[in-house]
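To start, the structure under review is shown below, and the notes come after it.
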Amino acid sequence: ATLDDVKARGELICGTNTGLTGFAAPDANGVYQGFDVAVCKALAAAVLSDASKVKFVPTTGETRFTALASGEVDLLVRNSTWTYSRDTDLKLDFVAVNYYDGQGFMVKKDLGVSSAKELDGATICIQTGTTTELNLADFFKENNITYTPVTVADDSEAQRQYTAGACDAFTTDASGLAATRATLADAENHVILPEIISKEPLGPVVRHGDNNWGDVVRWTFYALVAAEELGITAANVEEIATTSTNPEVKRLLGTEGDMGAMIGLDKDWAKRAIAVSGNYGEIFAANIGESTSIGLARGLNAQWTQGGLMYAPPFR
Amino acid sequence: MSELHAQTVPFVRDSMLPQELPPASQRGAVKWVRENLFSGPMNTILTVLSLLVVFLILQSSLPWWLNSVWNANSLAECRAAVQAMAGEGATGACWAVIRERWHQFMFGFYPRGLYWRPVLAFALLFVALAPVLFGDNARKRMILLACVAVALVLALIGVGTDLAHVSFAIVAMAAILAVSHLAPARLIWATLLFPAVGFFLLWGGSVWGPIGVLMGFGVLVAVYRLLLPMLGVVMGTALGFLAACVWWLMIQTHVTTVLHNLMPWGLEAIDSDQFGGFLLAFTIGVTAIAASLPLGILLALGRRSDMFLIKTLSVGFIEFIRGVPLITMLFTASLLLQYFLPPQTNFDLILRVIILVTLFASAYIAEVVRGGLAALPRGQYEAADALGLDYWKAQRHIIMPQALKISIPGIVSSFIGLFKDTTLVAFVGLLDPLKGVTAIVRADINWKGIYWEPYIFVGTIFFLICFGMSRYSMYLEKKLKTDHR
Amino acid sequence: MAIVADVPKDGFRLSMLIYDTRFRSITIQVVVLILFLLGVAWLVNNTVENLAAKDKDIAFGFLWNRAGYDIGQTLVPYTNDSSHIRAALVGLVNTLVLAFFGCIFATILGVFAGVLRLSNNWIVGRLMTVYVEIFRNIPLLLWIILVYVVLSETLPTTADFRQSAQLIADGLPPTVSMSFGGTVALTNQGLNVPAPFFARGLGQISLGGMTISLNTLLVFAVVIGSFLANRALRRNAAKVQEATGLRPVIWWKSLLILFAPIILVCIALGLSFDVPVFGRFNFAGGISIAHAFTAMLVALSLYTGAFIAEAVRSGIMAISRGQSEAAFALGLQPGRTMKLIILPQALRIIIPPLISQYLNLTKNTSLGIAVSYLDLRGTLGGITLNQTGRELECMLLMMLIYLIISLIISSLMNLFNSAVKLKER
Amino acid sequence: MNETIDRPIDTSHMQVSDEVAIQISQMNKWYGTFHVLRDINMTVQRGERIVICGPSGSGKSTLIRCINRLEEHQAGQIVVDGTELTSDLKNIDKVRSEVGMVFQHFNLFPHLTILENCTLAPIWVRKTPKKEAEEVAMHFLRKVKIPEQANKYPGQLSGGQQQRVAIARSLCMKPRIMLFDEPTSALDPEMIKEVLDTMIALAEEGMTMLCVTHEMGFAQAVANRVIFMDQGQIVEQNEPREFFNNPKSDRTKLFLSQILGH
Amino acid sequence: MNETIDRPIDTSHMQVSDEVAIQISQMNKWYGTFHVLRDINMTVQRGERIVICGPSGSGKSTLIRCINRLEEHQAGQIVVDGTELTSDLKNIDKVRSEVGMVFQHFNLFPHLTILENCTLAPIWVRKTPKKEAEEVAMHFLRKVKIPEQANKYPGQLSGGQQQRVAIARSLCMKPRIMLFDEPTSALDPEMIKEVLDTMIALAEEGMTMLCVTHEMGFAQAVANRVIFMDQGQIVEQNEPREFFNNPKSDRTKLFLSQILGH
């Protein structure tokens, strides 16, 4: 089982993107940083008690699922969309959704376009290797309009083409659009159109059939989400663990009951996971939130209590 | 007509004329320009056109180069600096990104403190090549080694190595220079041992691992020597290989573990996914070429064999490999190899890529070697036969030494091709210098949007390396042409 | 002596399997065959086991499922409702078109550069050397990207063609207007040229699944006819030369025969052009050639051209000076010498490396993905693989197709090569 | 190899006319700054058969190659058949079509058959009808005794045969002057004889010939003048008998002693 | 080139023993469908010096090459030194180590020094210790009079010297029989003499020699039998004096007239 393998190896192998701003990218010291990366680190802390015991394997659109299926990586946290066929036909398990995304469009302001439906005849840059090209085809078909696709291999290339005016519109997940727009020299001249043409639930993926490992990943992630809901942060996790009287907090942080043993971990697993880079909200804010230069709003990714979709099942 | 009266009259010159300088119009720069630039209307037009092209290229790109920024922490800062320097709307190069990330272009994620290891390994590569490249010219070899030694020390200091390792490198190079001077024949050991040493330096880990592998070769040679008189070359080699395999697969780990427990010597282990940039390109390129040589030689011999089956298999293999793009081979490495190997075997992507690239290279090397073999006159085979040398002895002492020597230029150009093609590993998610590292650099929010500079930087380095090598191979080609008649 | 001669020849000893030249090769081949079969069996076995373990199978049925994605350049009818195999076909055609034109341009470029490199003009020679060395020593991938970027960064954007409200108010024309009398537009997205069509159609004939326009057929027929006529003209000129020694001047007749009929036919059929016009965002109508294609074509041609230039140069250099001197001594002029003596000989030396360059170029089209050119690798080995997760099937199919293309090219060129081989003693 | 020409040749009927075929005066040539030919003065009458000899590097080949402008001279005059060789392309073409040249290494065109080798220049330079050119070629091929090889390729012939084809090829242009640059030195002894016989036959027909050779037998038998060169200069010239039996210059004596001693 | 061997050689002491060195009976060989050697019968006693001559293409080289199995024969028997040549590799190896061969084009190994050329086979085939092999090699190099070249590479020697090295190289294997395939025809006249002298010295020591050559001087001086071949058959064989002065077959007469006439 994967959990035993990971423990025996003493290292978690996490498949990531080859480089996606805000989600996973190595810094000048070669250390991976980002939103997806933080999830992996939390998992490593939970399983191995050491957030640094994680190795990141960059995967491309083509190689990611094979890497997972062949056991090269223990899990994939790489903005992969949860779809029916991937879950079933490709024999994968999407265990949770760490980012609710949707495909959008960005255009130059001076085109005077206010809706994606006005893009009839436009040239559109699509980043390949995801579900994007399928969604786009469906959207235009549905609205009975035409476009010229320019299929681009990676994010930075797409950005360059778009800036150079080689395509009229750029479509990818809204999070990516925001990141791209943020770094444009003339960000104010570009707008992201209101239409979100698809649902893009992005989340960690594990191999089908290893349910225990799936549980570990799923609940580690939900621990982060629950922590936000319960007000547990990296800073106060130790303190709350000793002082809190909330039974759910106690169960989560291992001061009461033995939730860890149920998934093959020890009592303090969640505490360690949260301590790495904080709860879901903290991770979001630190990597892609409004205070960063990417500046994504929580939107759908807010806690359910705030009108979002982040909803951790009860720890019970 | 002074001296010669008529054709029938005998003529004898009594004083020889001295050598004179050619007339003025036949000398100097004027002649050169006239002959080389304006020797006819067509040539004049070509000259003017060429000058125009050069001018246009310079005109459009020069400002960008002149407005270079070297010091900045992000692309935005760069842009600001350019505007400040050259006014609104000006564009300029932002070399600051190279300044900040050059080490990733060179070494990938290799730990910064350990750069001395790849640098030393690279220097030792030249030492290993010295007997092959300049085997017959002691003076050139010494010059090469001395240059390598100096460059090594400079490079080590450049990448910020601590004093201990610099002095270690100096001592090592001094020893090698001494060996090269005193016993040049011994230098071949540096070549033979380099794979193990290079591996150890790059990947680190226990020193007993590589030694164990080398011991396997020792076993091979020992068994071969033992069996040779009884069973001949083929059987001897086969059994030796078998014995070595037994050693490698079953015994080695136990022995090395014990040894490691007794004497835990080693270097910090580095995972191959830390490799990137030119380090990765070189690792893949050099390993693949070196490993593909024996395979390529066998394939070339197979292709020239008159045994139908062996010939067919060799031709089939070579043509298959040469018929498909390298990129599909790389995808095979990353997507399919797992299917073909026994379940549960799982080794890392770089190794898989190296294996497939080796297979790829071996087909090309086979063709190069085949060319070398074909260039040998039949007489060499016949003379060897007539002296009573059997097939393998003739191959080893007569045919291969010559054929390989003739093939060196071809091998070098295969290496250049392969080295350039290592950029394709980006498509399977490895950090090649051109796309892989560039992509991660541009994924950094500070540098997102930068475009030309990494490409120019990487392209220039590629050019310098490949150009140097191709010049060298041309030089070799010329040299070999003269001494082979 | 007699004793030796009496050794029974037919007696078979086991040692003969190794020491007798007749049996030895059979022994070796049998051993190799066994090893080979064992190896194959091992691989197949592993594959079967692995597939079973991953609960997968090898099936090509997915190829007939709906592809669902769009492709920029489609030379065969394709929509996102077509099947994956259709998408693969589109990709294959894109690959072949690119390879075909790439080979042609690379050859032209390579021959020019190779010959110019030998020019006695210093600057030209040096420039060509620079060209060859730069392109040979920098990875192709970089060139592809570079050319693409140059095209998309330096050419006017489509927005520059737009007549915006502001401009109308100011009474100004758009920043950039179409060239060639408003028929051709070169933007940073691609080249838009008029598409020819015939006003007076002759109808179509239907052959099974394909419909062929009679107009096209007619045009083809006329072109081929003119070609044949021109050949006859040249042959006739050669005959005249053989008979009288003087070659008649025929270039104007040649031009007339080649171009007059086709022009007449076009006029008769009412050839018109569908000129691209600027729509909301971009040019509509006409033929649009995306820069992805142009960039691939240019980069591949330049890169391969550099290698071909080297082959050409060394081919020409390999023809000894004695050959041209002998020709000069016979009174042949330099142009004739090149055409009659040097090139025919150099060709034989050039062809083998040329074959491998063609093969390389064809294989290198697989880098199209770097600039969003959807070739075979981009469709079958890219999006299809990605969407269906059938990596084994897609990769095998793709390798097979590339292999077939390569084999066809090399066997064609080898045929040509053996046709022009030198006769030796 | 003096034995190769053993039959005495009757040179009495080989008339030398008074007409000047080649006139070289004060000709100088440099390779870069190296002075290869120094003040060459020489007049060749029509019908003369001149042998040029001299040590290696003395400029014999260069002199011969200047005569049909395979090399350019830098000072002095060369007038061939009344046409002066300048950089005027027309003159060069005219001279070249009048002057045949046979090279040491044959320089046949390997991609053409023997017949094509011979007809190429007549057809393209002289504009002879093909048929006629072929007839002429066959005539000369018969003359050099290899008509049966006409449809083979040069690679299929022996060295001696190849050199004979080279001679026939030159003759097909009906040149008025023939230049030979060591035509036999790339050949085996047997083949030398074939080629020398062919050249003797030519000489007997009154062709103007300049021949660089060390075949002293040939010189004695055929030449009416022997020119000895050294260091780019004409050191001595004389008729063969005198030249061999009674050399004047010390340099010539030394050279002859080496050549004949061997 | 008959002058090359001018001193009279005393052949009286060159003993021919009764022992058979090579026995060829009813040997036939085809190249594809071309019948190169037809019914060759021939016995060579130990110590015999046989010269084989004949027109080009008559199969002389092929015959010689069959004797050490560089070519395979298809019918008949070849027994060398008591070992029959069949497809058995062991026999072939045995014969080859007994029979030395000297090729027209020397076929020295250009990547090895002269000494290494000579010691290679003794060391790897005969398993002689290196030291000993070098001593033997130096002995034979002295014998062919080029000991001072031992450490040079073949490319640095003249043709004659190279051919002498080739002879020394064969001798180092201490063969009992030497085969020479036109050993002098790739050489300049001066060099021919050097090589012939070496061969004569060998003959004087009683080596069994088969030599394909057209050096009739050599044949007359050294051989005790001359074999004339044509069209793959042995047409005539006799002792040299008889052979040259009194050829029996018309074919031989014709051939001799050509060879000697030249």
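By written order: A, B, C, D and E. Residues from 1 in each chain.
Here, contacts are C-beta pairs under 8 Å (C-beta built on N, C-alpha and C of every residue); 3 or more make two chains touch, one makes a residue touch a chain.
The structure presented is a predicted model; accordingly, all values stated were derived computationally and were not measured.
Chain centres here are C-alpha means, and the one lying farthest from chain A is D.
Each of C-D and B-C has its own count of C-beta contacts, and the greater count is at B-C.
Closest chain to the protein centre (all Cα atoms averaged), using per-chain Cα means: B. Our note on geometry: chain A versus chain C, Cα centroid distance of 43 Å, whole angstroms. Each chain gets a centre from the mean of its Cα atoms; for chain A and chain D, those two points are 88 Å apart. Centre-to-centre spacing of chain D and chain E amounts to 41 Å, using the average Cα coordinate of each chain.
The distance from the centre of chain B to the centre of chain E, with each centre set as the mean of the Cα atoms, comes to 47 Å. The multi-chain contact residues of chain E, meaning those touching 2 or more other chains, are 89. Within chain B, contacts with two or more other chains are made by residues 331, 335, 338, 427, 451. Listed for chain A are residues 62, 66, 160, each touching two or more other chains. Against chain E, the residues of chain C that register as touching in their complex are 1, 4-5, 7, 9, 16, 19-22, 24. For chain C in complex with chain D, the touching residues are 241-247, 320, 322-323, 325-333, 336, 340-341, 344-345, 348, 422-425. Of all the residues in chain B, the ones that touch chain A in their complex are 75-76, 79, 100-101, 104, 108-109, 112, 271, 273-274, 331, 334-335, 338, 346, 348-349, 427-431, 436, 439-440, 442-445, 448-449, 451. Residues 61-62, 65-66, 69, 86, 89-91, 108, 110-111, 118-123, 128-129, 133-134, 136-138, 141, 147-153, 157, 160-161, 164-168 of chain A are the ones touching chain C in the complex.
Interface residues of chain A facing chain B in the complex, by the touch rule stated above, are 17-22, 24-30, 55, 57-60, 62-63, 66-67, 70-72, 154-156, 159-160, 163, 179-180, 182-185, 292-294.
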